[in-house]
Amino acid sequence: MTLNPLLPFLMAGDPSLEALPGLLAGARALGLEAAEVGLPHSDPIADGPVLQAAAHRAIGRGATPRRVLESLAGLTDSPDLILFTYLNPLLQLGLDPLLRLLEPTPVRSLLVVDLPFGEEPDFEAGLRAAGYPLVPLLAPTTTPERAKALLDQRPDPGPGAPFAQRFAYVVARLGVTGTGQGTDLGPVAARVRDLQGITARPLAVGFGLSDPASLRAVRTLGATPVIGSALVADLTLGRPIKACLESRIA
Amino acid sequence: MTLNPLLPFLMAGDPSLEALPGLLAGARALGLEAAEVGLPHSDPIADGPVLQAAAHRAIGRGATPRRVLESLAGLTDSPDLILFTYLNPLLQLGLDPLLRLLEPTPVRSLLVVDLPFGEEPDFEAGLRAAGYPLVPLLAPTTTPERAKALLDQRPDPGPGAPFAQRFAYVVARLGVTGTGQGTDLGPVAARVRDLQGITARPLAVGFGLSDPASLRAVRTLGATPVIGSALVADLTLGRPIKACLESRIA
Amino acid sequence: MNDAFVLPTRFGARGLGGCYAPETLMQPLLDLEAAFRAAMEDSGFQAELKAELRHFVGRPTPLTPAPRLAAKLGLKALYLKREDLAHTGAHKINNALAQALLARRMGRTEIIAETGAGQHGVATAAACARLGLRCTVYMGVTDMARQAPNVARMRLFGATVQPVEAGQGTLKEAVNEALRAWAGRCTEAHYILGSALGPHPFPTLVRSFQTVIGEEARAQVLEQTGALPEAVVACAGGGSNGLGLLVPFAGDGLRRMAVEAGGHGRALGEHAARLDGGRMGVLHGCRTLLLQDAHGHTAETASVSAGLDYPALGPELAALVLDGTVDARRASDEEALAAARLLCETEGILPALESSHALALLPALAAEGVASVLLGLSGRGDKDLSTYQSRLEL
Amino acid sequence: MNDAFVLPTRFGARGLGGCYAPETLMQPLLDLEAAFRAAMEDSGFQAELKAELRHFVGRPTPLTPAPRLAAKLGLKALYLKREDLAHTGAHKINNALAQALLARRMGRTEIIAETGAGQHGVATAAACARLGLRCTVYMGVTDMARQAPNVARMRLFGATVQPVEAGQGTLKEAVNEALRAWAGRCTEAHYILGSALGPHPFPTLVRSFQTVIGEEARAQVLEQTGALPEAVVACAGGGSNGLGLLVPFAGDGLRRMAVEAGGHGRALGEHAARLDGGRMGVLHGCRTLLLQDAHGHTAETASVSAGLDYPALGPELAALVLDGTVDARRASDEEALAAARLLCETEGILPALESSHALALLPALAAEGVASVLLGLSGRGDKDLSTYQSRLEL
């Protein structure tokens, strides 16, 4: 298994309503296998200022969940997508309409920030049955026993499945998304090593990563770094996606 | 006994610090036997706006009790004076200094608004012994029995004494000094008649009288009207004392 | 993973509540439930809480007969449960103090809270000062402006008030920001949520610390009159004073009523009446009735009262209403203002704008033939003076 | 004529008090004493008053142990008698409500009152609303400005607030004007004086209605600790909360202390410390210690607290001090402000500026070796928020 070098996060609807397909094509052109696409939400309780602002801008532009998913329909020039979202917009769509919207898109899995396993069992089972597993999250507060349980509850579909459906998301630090100031990677490195001891599935590490050195450090651990707020901020400044990502893959 | 036609009230120190002797001479020139002189006090709780303002102006000009009394010393061209005052300035002078100050003046009695009989027995007895009786006040709230007691407690020194030492002050109405708007004299007339049934001493009626008709009505009852706020207000406007009083004696 | 909780996490036939929290907060929430359960079984904690409620908060608060207002409205009897007399001026202190004691018991040295009307923030700041805990309160900038006295009070109590600029600058945004802050400091800090909402175990915890209101009121009305009233009424923001008052009357077969903010209109965005304008959804960690647009974005709300303009009703109270054991009504801004003035003039009691919404229901109850009412006066109106002055043209 | 009174009109060895009233008010004062005596012997009145104090005012108010503040100050124990939790936020309601009940019993339909800090005005307005009496409150324009929230509260309770422009525009002028108004309407109106001052029977009447504070506090401290404190402390404006707290401890052989407003300096006009700047005199109907100039004109006063800047100390409290059974001290504006902040930060209680003067004495008491103190927290500081904000730079 070769290491997926970077998992970029893009906010649908930002920096413009039409930007997403082009950005995804850019990521794919760099050989990235997967990307997270954030569905803008009014109350992003797990996000820091950069992604909050991006979400609110996107909503202001009319980036509703339906429109975002429709804009992904039929895309071929895209990495596998992980839909990063809060639960309520999905609930309001309802399972079947959601599945119908997902079907023509490159979305392969969902990361629902505020849906612990078991809170909406039918909804989650329905998604899984239709081929959309939910990504398990592992936080600094997650105890080893709890981590084992979480990985069991949202199991690895196995090496035949794409990265987007297999990986577990390791939350690098306490708090919300956003560029960390001098995040000490020591603790997350230890956690990654411990997790690698209990699971063979790929791991992604996110929250607060931005500089190439941090990203490299994560890769050194054999995990995929996630780049979110820093990327969104760069794109807002008008930098081309290629430039934004290239330096961070190296 | 001829009726004293008017008892004018003057505020010492107003309309100017030096005005009092001239005003008193003016009253005497009109044949008035007695006048009240108000000692300006910081907290004149029985006075309405006109006399409050006059007192505060006078205090502002430096009309202290001592200075006022000194300004009356040696006056010969004056009616008998009734010193209209609140208790505290007298207490602060002390009985003996007060008597020394009073001695050379035309003051014949004191009307201490907030000194009911019995509250300062030694002080009152000392004044009386020195020839300064306190004027009894009879208010609309004073019951007939209480009126009898009050007149006994501050008795009439008898026909040999001047009006200023003999009269009882009938408060015409509830409230404070000041120009009454359309005071109905019916009730006070009845009270005056009742009081005349229990005492032979002269009565003065004050509080709220101003127009010549009201003053005449009081005289018709065989009592002396007091003119206070209306007079002070007129003097403030610069009217000469003669003009102020003449029309009110007729 | 919600099977790791011991207490029920869901309310009513439709399973409201739950624990829809980011993974970072799951262990803190599990720990909180465990600490709460242990504390509730610890007679030492119970005694400490009881002593503080009595000697610091001033419990029991009185139950005041309001005969002049009753007569004016055509009621036979009206009783007011006087949470306005609790320390800091509202029922919020019951919960804030209890959670602060719990946090100290858990070894936390730092408290995070959100506030809307400012009453919960003030109560939390006071409780933290009392117990020597560091306190940060998140408050929307709109609320900071309209409840300025409460901002000053929090600062006097040594709390840091963090302005929240996002959105409408009201309670919802403050909760967002408090949750974010807690996620960042959850190993040192306890989050004192101010109403019966949020992820499990908060709704249960807050309700448990507020039922003292109804327990006292029930005993008091029986002591004073020998009978129960026909109806018990409270206002409903998140639902904490409502549950606190209404739950202890559950077995009594009387009418229990919750009054929401009717704001100034019936369109989405003009009110905060979740029970007749809301749809089921998930916000701030729980499933409940929610004012939202078609896309699942939380809707804006409007109310003259900063404490009632939260877009979601707490899950337990929502469940009681949906299951038909509590009636929900709405009162408009104007009705609440008029009701406040009437209470002032007939009984000499100045109600919080929130509580005035409960008062505003009384004319309708009288018209429906209800004779006796017990009403939860959740707080005093000092914080609302400037609104009363401008809206009532004093 | 003072022999027509039945109750003693004078206090202490130097005969303070008395009834130095204009004749118009003598019969109303005699009637008031008679009505008061009759009411005090009427079990119906006593029961009514007790019920209102309990169910409306929220008595008994708590006695709060303040361990964190005590530790900070080097005291072993500190207990706060929480009049701030009484309805309307200060002890003033005890007297206002009782007098309003008395007025109603006398057939009066109209109430006149003066107010300084506004607490007595608010309490009177509330009591009048509660009982259906018309209410006019006289208030100096300076006090109206610095205690604006209380003006709004009085108006909400339906009272008319009459601005008094004279002099410094503070309490003394308000009393002047209220006395004048009462003289004009004394056949319909009762005058509810707000402190233990004025002509007999007011000092006795007000003190009698306030000793509930000390009676409760004494029982509470015995219940909570099994012992009496070494010192009992209250602030002193007119003297009503001071007497109310201190008198019931008279036989206990402990230190009783009253704290006056030290303002910002020791010269006449810079403070309101009558006991160390005053001379015997007569103001507003009674003989007592008075701040005055050499001519017997009442002096101006200064204090950051509107409720303590009255130039005269009530006669009974002054007598207790002169006779040596109560100690008088002063606290400056700065000391009071600092003491307020410290109580806020250590115990989560926001004191009125008046009460903060009592708090400001604690460091000195600790330094003198006093170990345990019971302190009268006469009111809450909500009314003083703007002063705290500007003076403490919040």
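Think of it as A, B, C and D in the order they're written, each chain with its own count starting at 1.
In this text, a residue touches a chain if its C-beta (ideal position, glycine included) is under 8 Å from a C-beta of that chain, and two chains touch if they have at least 3 such contacts.
Here the structure is a predicted model, which means the values were calculated and not measured.
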Item to check | Any chain in contact with chain A as well as chain B | outcome: none
Checklist outcome for this item: Per the C-alpha centroid definition, the whole-Å distance linking chain B and chain D comes out as 36
Next on the checklist: I'd like to verify one number: the distance from the centre of chain B to the centre of chain C, where each centre is the average of its C-alpha atoms, in whole angstrom.
Outcome noted: 66
Checklist entry - Do you know which chain B residues sit against two or more other chains? => result none
Next on the checklist: Chain contact topology under the given definition, line, ring, star, complete or other?
Outcome noted: line
Checklist entry - Among the chains present, which pairs are found to touch? => result A-C, B-D, C-D
Item to check | Residue numbers on chain C that touch chain A, as the complex places them | outcome: 1-4, 18-28, 166-167, 172, 176, 179-180, 183-187, 279-285, 290, 292, 294-298
Checklist entry - Which bits of chain B are touching chain D when the two form their complex? => result 41-48, 52, 56, 59, 64-66, 86-93, 113-119, 137-143, 146, 149-150, 153, 171, 174-176
Item to check | Interface residues, chain C side, partner chain D - complex | outcome: 54-58, 61-65, 68, 82, 85-89, 125-130, 132, 149, 152-153, 155-158, 224, 340-341, 344-350, 381-382, 385, 388-389, 392, 394
